[in-house]
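Each of the next two complexes has chain A plus one more chain, namely chain B in the first and chain C in the second.
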Partner chain A sequence: MVEQLLQSLSRFLPETTLTVALCSTVVVSLFLGRKSQATLFVALAGLVLATWFSFDQMGVSETIFSGMVAVDPFSVFFKLLVGLSAILILLFSLYSSEVQSTLHRAGEYSALILAMALGMFLMAGASNLLMMVLAIELTSLSSYILAGYTREASDSSEASLKYIIYGAVSTGVMLYGISILYGLTGATDFYGINRALTEESVNSVALLVSIIMILVGFGYKISAVPFHFWTPDVYEGAPITITAFLSVASKAAGFALMMRFFKVSFIDANAVGLPTGVWTSLQGFEWNKIVAILSVLTMTLGNLVAVWQNNLKRLLAYSSIAHAGYMLMGVVVLSDKGLAAVLIYFMVYLFMNLGAFYVVMLVANKTGSEDIDSYKGLGHRSPLVSVAMVIFFISLAGLPPTAGFIGKLFLFAALLDATWIWLAVVGALNSVVSLYYYVRVVRNMFLRDPEGNAEPILFSTPQLAIVMLLLLPTLFFGLFYSPMVELANASVMMFGIR
Partner chain B sequence: MLTEFGKVLLFLIVGAMFVAGGLIASWILRPNRPYPAKLSSYECGEEPVGNAWVRFNVRFYVIALIFLIFDVEVVFLFPWALVYRELGLFAFLEMAVFLAILLVGLAYVWVKGDLDWDKPVPQIPKIERDRPAYKQQTPAEPVAV
Partner chain C sequence: MILESIVFYSLAVASVGSALLMVTRRNPVIAALYLILNFFCLAGLYLTLQAQFIAVIHILVYAGAIMVLFLFVIMLLNLGDERKLSDAISPRKIIAGGLSLALLLELLSIFVTGTEGLPEYNADQALQVGTVEYIGKQLFTKFLFPFEVTSILLLAAIIGAILLAKKKPD
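What follows is the complex of A and B.
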């Protein structure tokens, strides 16, 4: 028993590191760091270590703590993704006026970011329904507080309140669904559910109801329509650093959990006559059709509503909803190729979306506005940052030669492979719509004259270095994408699945 | 025979009957002689002041949260104490880590002044970002607590 626990603990090193870092930030903020950035650096060190330790776990495949958490290439991939985005967010925070003007609370800020990252690390590995709920809650509770971090601004508190209400309701619905699923299968771990469903057939209506209810929880986490209502208000009200973190890491962790839950619980291990990498669902239960409907709704609504937005944070919020829709297409196809496409898309999305949010933050620091009109003539006032923004937007729209194109290419290839032609067509049409609103910002930056103040905006060298850190991968992976594809193909392996 | 859930249902029914039986039996057996002191709500022997339905200071919330954490800590300590002899040093270290994490939390609330009852007047939100006029709130007067 004790040996088993110790064995598990040694595989739990990234999470333990994050916990230790969390406690240290609290202690440092109490005894050293009044009005200093010390806690941000402690958190940064903790995250770098935790990411390094997860990198070390590459190639491991086992479950720990009696099957509560799986450590496998799939979870390691998402831990790296979450770790990397958290590191970038902390770097952003060093230059965010919202964080820097409230340095006396920076301890809380860094501790909560660490708590969120810890929750997401657990979400990436959770392979038990209870662990899943706990991990989602740890992530959500920390993000509720962080969404209301600038408490001097009332829209920040509004964001926090809306977030907590939606979060509470969707977690409640999800828990209800979980209780039905437990009643049907008598198991809480994903492998046990799979075994129960293989052995005997269950009431298909009850199964459908429970899966739809569980999807509510996932849909809320990845902001899929119709569970997206919190997204625009929270993204607008929260500090930009937190908005960026939510839009990438929180979504990635939600997708990781969703893909693991569906693949491990519902894969039919005894299916015959399927090509390798393609799987089928147990008992003919076609949950992927529900996900397909969600995907179409999500990308269509996200893109169509984004067209009307004038606040850039809201625009990016709707665009991130649309991107969740694209990525759901990869879950629909029931193949390793589809999952690999989602992983590739996330790698790309990390750089381009964080990049876009970072530029919005830099500009808002200087002009005090996130309005699309304040971007008029920005191309003349700050050429380098504007060109970077154009590249991030082209990548988000999915045009070559950027990484965003590669992400979409692999998604559509997986869809066409599985003959989901109509879904691919809807996805392609949506990309065209998205081009319109991204180009609207670009037009304001380069083809409109600045209103009022036309002074050049200057940024410091480290600020520009971070822009480059995000810009170069966005361009590089657009041309040289094979390492990314190899990593994704190696990372779709989950513990105990062929 | 009973399924596992049947046993749970049976447990619920027996539990409800146990409570209802006790209440009904005492209602039948006891003499009925009410007087004002007997009918007033019980406040640990003190004479009740005012109504129970008053607004509580929001700071009780923080106190309640802190209490809850240390209450749960004790709940964890009992089973730990039971198996301590078998697990030995490992159990000791594990509980030490758990307590250390809680102590960090206690130090945090202490230093941040959440354990002091005399707290300064709450600060009223000042900065407004640009948002429509109808949504802007007029700051409320500080309320003495």
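What follows is the complex of A and C.
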């Protein structure tokens, strides 16, 4: 038992690092006093180390702590993604006026970001229902508080409260579903559930009810329609750094958990005559049809409502709902190609979405507004940042030669491969709608004259360097995408599944 | 066997009844007291399932600690009777009611159509599961890791509570 624990601990280095960093921020903020950025740098160091240790785990495939957590290429990929976005968020925080004006609370801010990252690391690897709930709760609890971090703003408190209420209800429903699933199979680990379902056929209505209830929890985490109601308000009310973190990392962790849960629990290991990389669901249990419906609802509603938004944070909130819909298409097809497409999309999404949020943050720092009208004439006032924004938006809309195009291309290719043609058509139509609202912002920036003061807005060199850090991959991966595709293809491997 | 059935059914009826009374009361204090009654009935049901430990913990933690906290908050806030803001039946309520009814029917159909294929446990196993010794052993071997993760979850919650509670205007 003890040897096994020690063995597990050695495979648990990234998470241990995060825990140590979490405790360190609390101690550092106690001794180095208020009003200092020290805790932000402690958190940054912890995250860089944790990401580095995750990188070291590439190629490992095992489960640790009596099968509670899997360390496999799939989880390592998502740990890298979460670690990278958390590092970028902390860099943003160094230049965010919202965070810098509340430096006396920076200790709590850094500690909660670390707790959130730890929760997401666990979500990436959880292979047991119990761990799944604990990891989701750790992530959610920290994000509830961070969403209301700027407590002075009343919309921030409102956002936090809405988030908590929706979160509590969806977790409750998910737990009910989990209890039914446990009652049916008598197992809490994903592999045990798979074994139980393979050996004995269970009541199909009960299984369906439990899966739909569990989907409520996942849907909430990835903000899929109809569990998205919290998203616009929370994204608008939370500090921009936290909004950006929620829109990328939280969603990625939710997708990781969802894909692992569905694939591992319901894969039919005895199916014969399938081409490589394609699998099928047990007992003809077609959970992917439910996900297909969610996907269509999510992208259509996200895109259509985004058209009417005048606040850029809200616009990006609805756009992120729509992107969740696109990514769900990759889960529907039941093939490794589909999963790889989702992973590729997340790599691209990390850079383009964080980039768009970062530009919004920079502009809001200077103009104090996130309204689309305040972007009028921005192209003349700050050409470099505006051009960067245009490229991020082109990428979000999925046009070549940006990385966003590659992301969509692989998703649609996976769909067409699996002959889900109608879904691909819906996805393509949605991309057209999304183009409209992205271009609306671009038009304001370049084709409209500025209202009132039209002085140039200047940014410091490090601020522009971060823009470049996000902009270059968005362009680079649009042209040289093969390293990205290779990484994704290597990362779809989950422990114990051929 | 008959005695067991009598105990089960009386506890079941009492727990459902107290839950219904809880959600229909207008006075929050009375509703909270019915919730405590409900917890006691559930604890009794756990006892019939040989889960003594869970039953005791359920009463200690929920009926004891959490409900006392609840009552304190209700009394500190000095809540009066709950008044309804509107009684109108909106389409939203009808949809919500319809969906809840559908869920109820689905769950009932599961019980009616039988419990074939469910995993079976023998009586010895069930007896063992209820003891403190068994739970302790499991908690510190197989479930050690989730147990430790809970501590980090609580740490995050404490930090958050302090952050929210600090009322100093800046």
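What we mean here is this: the second predicted complex is superposed on the first by the 497 of 498 C-alpha atoms of A that agree within 3 Å, B and C clash if a C-alpha of one lies under 4 Å from a C-alpha of the other, contacts with A are read in each partner's own complex, and residues count from 1 in each chain.
By our rule, a contact is a pair of C-beta atoms (placed from the backbone, for glycine too) under 8 Å apart; a residue touches a chain by one contact, two chains touch by 3 or more.
Values in this document were obtained by computation on a predicted structure and should not be read as measured data.
Trainee: Once both complexes are superposed via chain A, do chain B and chain C end up clashing or fitting?
Mentor: clash
Trainee: Based on the superposed arrangement, let me know which partner A:Thr102 touches: chain B (first), chain C (second), both, or neither?
Mentor: Touch partner of A:Thr102: chain C, not chain B.
Trainee: Tell me the contact category for A:Met68 with respect to chain B and chain C: first, second, both or neither.
Mentor: second
Trainee: For A:Val2, using the defined touch cut-off, is the partner it touches chain B, chain C, both, or neither? Pick first, second, both or neither.
Mentor: First partner only, chain B.
Trainee: Contact-wise, after the overlay, does A:Val27 reach chain B, chain C, both or neither (first, second, both, neither)?
Mentor: It touches chain B, and chain C stays clear.
Trainee: Between chain B and chain C, whom does A:Ser369 touch in the aligned arrangement: first, second, both, or neither?
Mentor: In the superposition, A:Ser369 touches chain B alone.
Trainee: Which of the two partners, first being chain B and second being chain C, lies in contact with A:Tyr144: first, second, both, or neither?
Mentor: The answer is second: A:Tyr144 touches chain C but not chain B.
Trainee: Chain B or chain C: which reaches more residues on chain A?
Mentor: Tallying touched residues of chain A, the top partner is C.
Trainee: With both complexes superposed on chain A, which partner does A:Glu455 reach: first (chain B), second (chain C), both or neither?
Mentor: A:Glu455: touches no partner chain.
Trainee: For the combined three-chain arrangement, which segment of chain B clashes with chain C: 6-14, 60-68 or 132-140?
Mentor: 6-14
Trainee: Quick check on my understanding: which residues of chain A belong to both its chain B contact set and its chain C contact set?
Mentor: Correct list for chain A: 5, 19, 26, 151-152, 183.
Trainee: Give the list of chain A residues in touch with chain B in this complex.
Mentor: Within the complex, chain A contacts chain B at residues 2, 5-6, 19, 23, 26-27, 30, 150-155, 157, 183, 369, 371.
Trainee: Touching residues of chain A toward chain C in the complex: what are they?
Mentor: 1, 5, 8, 19, 22, 26, 65-66, 68-69, 102, 104-105, 108, 111-112, 115, 118, 122, 128, 130-131, 134-135, 137-138, 141-142, 144-145, 148-149, 151-152, 183-186, 196, 200-203, 205-206, 209
Trainee: Considering only the defined contacts, which chain B positions touch chain A in the complex?
Mentor: Counting only chain B, the residues touching chain A are 5, 87, 90, 100-101, 104-105, 107-108, 111, 125-131, 135-137.
Trainee: List the residues on chain C that touch chain A in their complex, please.
Mentor: Residues of chain C touching chain A: 103, 106-107, 109-110, 113-119, 121, 141-146, 149-150, 152-153, 155-157, 159-160, 162-164, 166, 170.
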